[in-house]
Amino acid sequence: MSEPEVTPALAREHGLTAEEYGRILTIMGRTPNRTELGIFSVMWSEHCSYKSSRKWLRTLPTTAPWVIQGPGENAGVIDIGDGDAAVFKIESHNHPSFIEPYQGAATGVGGILRDVFTMGARPIANLNALRFGDPGHPLTRHLVGGVVSGIGGYGNCMGIPTVAGECEFHASYNGNILVNAMTVGIARADRIFYARSSGPGNPIVYVGSKTGRDGIHGATMASAEFDDNSAEKRPTVQVGDPFTEKLLLEACLELMSSDAIVAIQDMGAAGLTSSSVEMAARGGLGTELDLDRVPRRETGMTAYEIMLSESQERMLLVLKPGREDFARAVFEKWELDFAVIGRVTETGNLVLKEGGRVVAEIPVQPLVDQAPLYDRPWVKTPERAALAAADVPAMATREALTRLLGAPDLASKRWIWEQYDHLVMGNTIVRPGGDAAVVRLPGGKGKKGLAVKTDCTPRYCFADPKRGGAQAVAECWRNLVATGSRPMAATDNLNFANPERPEIMGQLVGCIEGIAQACRALDFPIVSGNVSLYNETNGKGIHPTPVIGGVGLLDDVADAVSIAFEDAGEAIVLIGDTTGWLGCSLYLSALFGREDGAPPPVDLAAERCNGEFVRAAIKARHVTACHDVSNGGLLVALAEMALAGRLGASLEGPQGGVPAHGWWFGEDQARYLIATRAPGEVLALAAKAGVPARRIGTTTKAATLTGGGFEPISLAELSDAHEGWLPSYMARP
Amino acid sequence: MKARIHITLKSGVLDPQGKAIENALSGLGFGGIGNVRQGKYIELEIAEADAARARQKLDDMCRKLLANTVIENYAIEVAP
Amino acid sequence: MKARIHITLKSGVLDPQGKAIENALSGLGFGGIGNVRQGKYIELEIAEADAARARQKLDDMCRKLLANTVIENYAIEVAP
Amino acid sequence: MHAVKSAIVVFPGTNREHDAVAALRAAGGREPIMVWHRESEIPEVDLIVVPGGFSYGDYLRSGAMAAHSPIVRAIVERAKRGVAVIGICNGFQVLTEAGLLPGALMRNAGLKFVCRDVHLRVENAQTVFTAAYAQGQVIRAPVAHNDGNYFADAATLERLEGEGRVAFRYATPEGELSDGANPNGSARHIAGVFNATKTVLGLMPHPENASDPLHGGTDGLGLFQGLARALV
């Protein structure tokens, strides 16, 4: 078969710059053939090499005594005591989901699940962070419907509960939606599997689905900007097969309970290429693959296609010698393909053979280590002036609250999570709809559980990347605390526009700086993550969206609290300082269409201090319900607690001279609302700890919000606004 | 006029359903079955007397809603 | 030999998918569409030279697995 | 003391088998025996559970492929001998596809997967499955399915009603039947049905996910406790 000749032009078509191609020529000492060029291009794509972000990612705090594995493996691993480990990561599937929402989102879930179970963990919770365009944009409804059913379709079939996430709308995502999926799994701390090859001569084994011509060049597509011709890139979308993935999960975990595996890695973006190269590179070894033995579902596939295929539901394993038959029996039991396709070598080269002939040979270390690393120029986002409350129009409290609760960003996302099986496995203790979700560890042994949530406020990040980055971490951390858990570690999904524009690069740098600062201050290391750049169409970029996915630990899930008011006659206590910060608030954007002003400052010392106080109060069983105060401010949080518990509240008016709209809707950080039967004790403890706390009202049987200096508001009316928006939006043709 | 629309996965696109059906059939003892592909079949009535115009409209409907041309092909038949 | 199988809901069995398509089409401004029904379409190859025998086998496959005759009808075409 | 012996059948793609184990444990039964679909024999037990999930991915039709596996032939045999069989969610779909229970489970009327708590009215408390409940009692348990829209022709529905074979109906918390309380469009709000001898039950809701105080309710546990008591 005649292969096209490799030229600088072909290299350019593969997304390689002239400089990068020059470097390839130096490494190879000759002109590469097309297969070799393809391998370089995917390994050096933004998606696989992190060439624009690597320099900055290194500044993130990634260690702590409880961190077993930080970034660099398939997923991060933390020690959660008693020999248990939590394994988790977040990943984006933005571009494919825009092109084919159902399959794009579904395969995104499949990919992140494999990242987690490849480390020996059984997945116990899925999360999803979604960002869509303006609800009025002609594509939005179709994208929401497809993405949500795709996420559900995959996770539900796998039998992993999807328990938390977020979903927001903004015109900046009109041409570039964000679909970030996170999986959390559980393993034994001494049974973690890594993607580090060892033992020259050891067999390399392919398991899972057969290889087809799926998604060839998917990894480079994920690193390319959209233009009006992107329709032509369409066939690169893959179809997911969750049933096969379920079998793969069970088969891998079964084999992992033996001692047969040396190393294992899923075939994700860049498929067989990245999995074989990365395993070899981590072990400082070489790999020889016989492509004739790769199971395939189409005929006539070239080496290039086999190496670059992104067919889903596949894994690459290095086995201990002599354990092939044992492993084969496990995979055959689960009716999956199993093939020994090569062996680990000492040469340090990736050698591909076809028909006994070498068709590609690349030195592994330079392929990985000499991947380009860019220090892209960046400019700092100009600082905005703070907005005085007096410069923000006031609206009657009742009208403002009703409209906010029915605004797309704050409206209930029940329509979404009811399409997700959030109960399978029988361990969902705090369901979606509040702050973090809480899942108990499986096996019915202990009482331990994990709190999980993703968060980001792109509005803030756009206004002030550093503050926004810190706020995303703080809000995620706070959501974990609000259930009573101890925040342990996080994963991050950095979604940005084109990094070759200095102002976008400035957003990336700023957000990472803020994230790093907050993670340090809160002892909340980043143990895994993903970067998605070029989320830009015809020069229009998304708001910077660094999504933080957090995991917290509960020693006893029976201690967990939800946001729902439990009983009438309980005191409602506000923790944290309220200045009435309306700059960049949802009040401003949802009600007045304005996104001006500086976002609220993030005082990390106060975050930590207030959060530790709240967690201790929950642990001491003083707290019957707890909710962090974020988007929409105090009255929105309070209304959500009332709606969840079907109880009303009688409220005090604004305090400390703060104007009403600032008091009720301002977005000062580091705040929580708690309900308690022991207000005296709570307030005394807060005073002792130096934590600002004041009683702002009492829960009531009557289903209204009264007092507070505003017209009484019935919960029924609020509920209609809150629950009604998304279903009626989606029901429109 | 009556119309029939067949929507099938493009060749080369993975068809997990077809594959599963093939396995199940062989499990039931039906031998010699291969290349099973599952698609969708839609019947409808369209108030349009002119076959060419009906076909045109149906084509539009397929591209806009019924098929996802990223991964699917469609075929239209009209029967007066 | 190639075979095509159409599996459709029995008349009298409500077809919410068909209804949804009908509504969506009219929402998109396609007028005059009615009686939309959605079914399944299966293509396969069967190693059987005799058309009658192939049809017999396919009929068996439909009754045993491919269709649920409580709610569905099926139709078989074979093309040599 | 004799405790109920149960077997839980696991197909490729089954995913709620451990939820069923937990409920049977909580109900005081013996540790259930897990039976892999490839086995053609089922151990001698008092109760066979076909749990929820997506057997064979639910490709083609929910439950269709599992219904034709050899193990289901063994289940049918056992059911004919009077052994109690319960099919939950996908298990219900399997049992209808296998002909052990009448009717079919079609795509939800809303065309979406639905996972939420529902209320169920106990329509016949005179069976081994429902003995722990009172006639007309309303219990709360979640559903989680794509295809739970129960269909049977008019004659079959009449027969089921006449023979007391409707086990549960979707209802409001007060026990009223309303379309709003029916999560999937099921005919006559039917959530579960018995076979003619009332030794086989199929139901779409998940009592096993309402069997632990930490689930937010234990209304489903009664079903397993009732079985544990009735079958020893």
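All chains are identified by letter, namely A, B, C and D, in their written order; residue positions are counted from 1 within each chain.
Note that contacts are C-beta pairs under 8 Å (C-beta built on N, C-alpha and C of every residue); 3 or more make two chains touch, one makes a residue touch a chain.
Everything numeric in this text was worked out from a predicted model, so none of it was measured.
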For the interfaces A-B and A-C, which has the higher count of C-beta pairs in contact? A-B
Compute the distance, rounded to whole Å, between the mean C-alpha positions of chain A and chain D. 36
Between chain B and chain C, what distance separates the C-alpha centroids? Give it in angstrom. 10
Any idea how many Å lie between the Cα centroids of chain A and chain C? 41
Return the residues of chain A touching two or more other chains; collapse runs of consecutive numbers into ranges. 241, 243-244, 335
For chain B, residues that touch 2 or more chains besides their own: 16, 20-21, 24, 28, 38
Find every residue in chain D that makes contact with two or more other chains and list them. 56-57, 59-60, 64-65, 68
What pattern do the touching chains form: line, ring, star, complete or other? complete
In the complex, the residues of chain D that touch chain B are 56-57, 59-60, 64-65, 68-69
Enumerate the contact residues on chain A facing chain B in the complex. 99-100, 102-103, 209, 212-214, 234-235, 237-241, 243-244, 297-298, 311-312, 335
Would you mind writing out the residues of chain B in touch with chain A in their complex? 9-10, 12-16, 19-20, 23, 68-71
Inside the complex, what are the residues of chain D that reach chain A? 12-13, 15-16, 18-19, 22-23, 25, 52-54, 56-59, 112-116, 142, 144, 146, 206, 208-209, 211-212, 214-216
Quick check: in the complex, which residue numbers of chain B touch chain D? 16-17, 20-21, 24, 27-28, 38
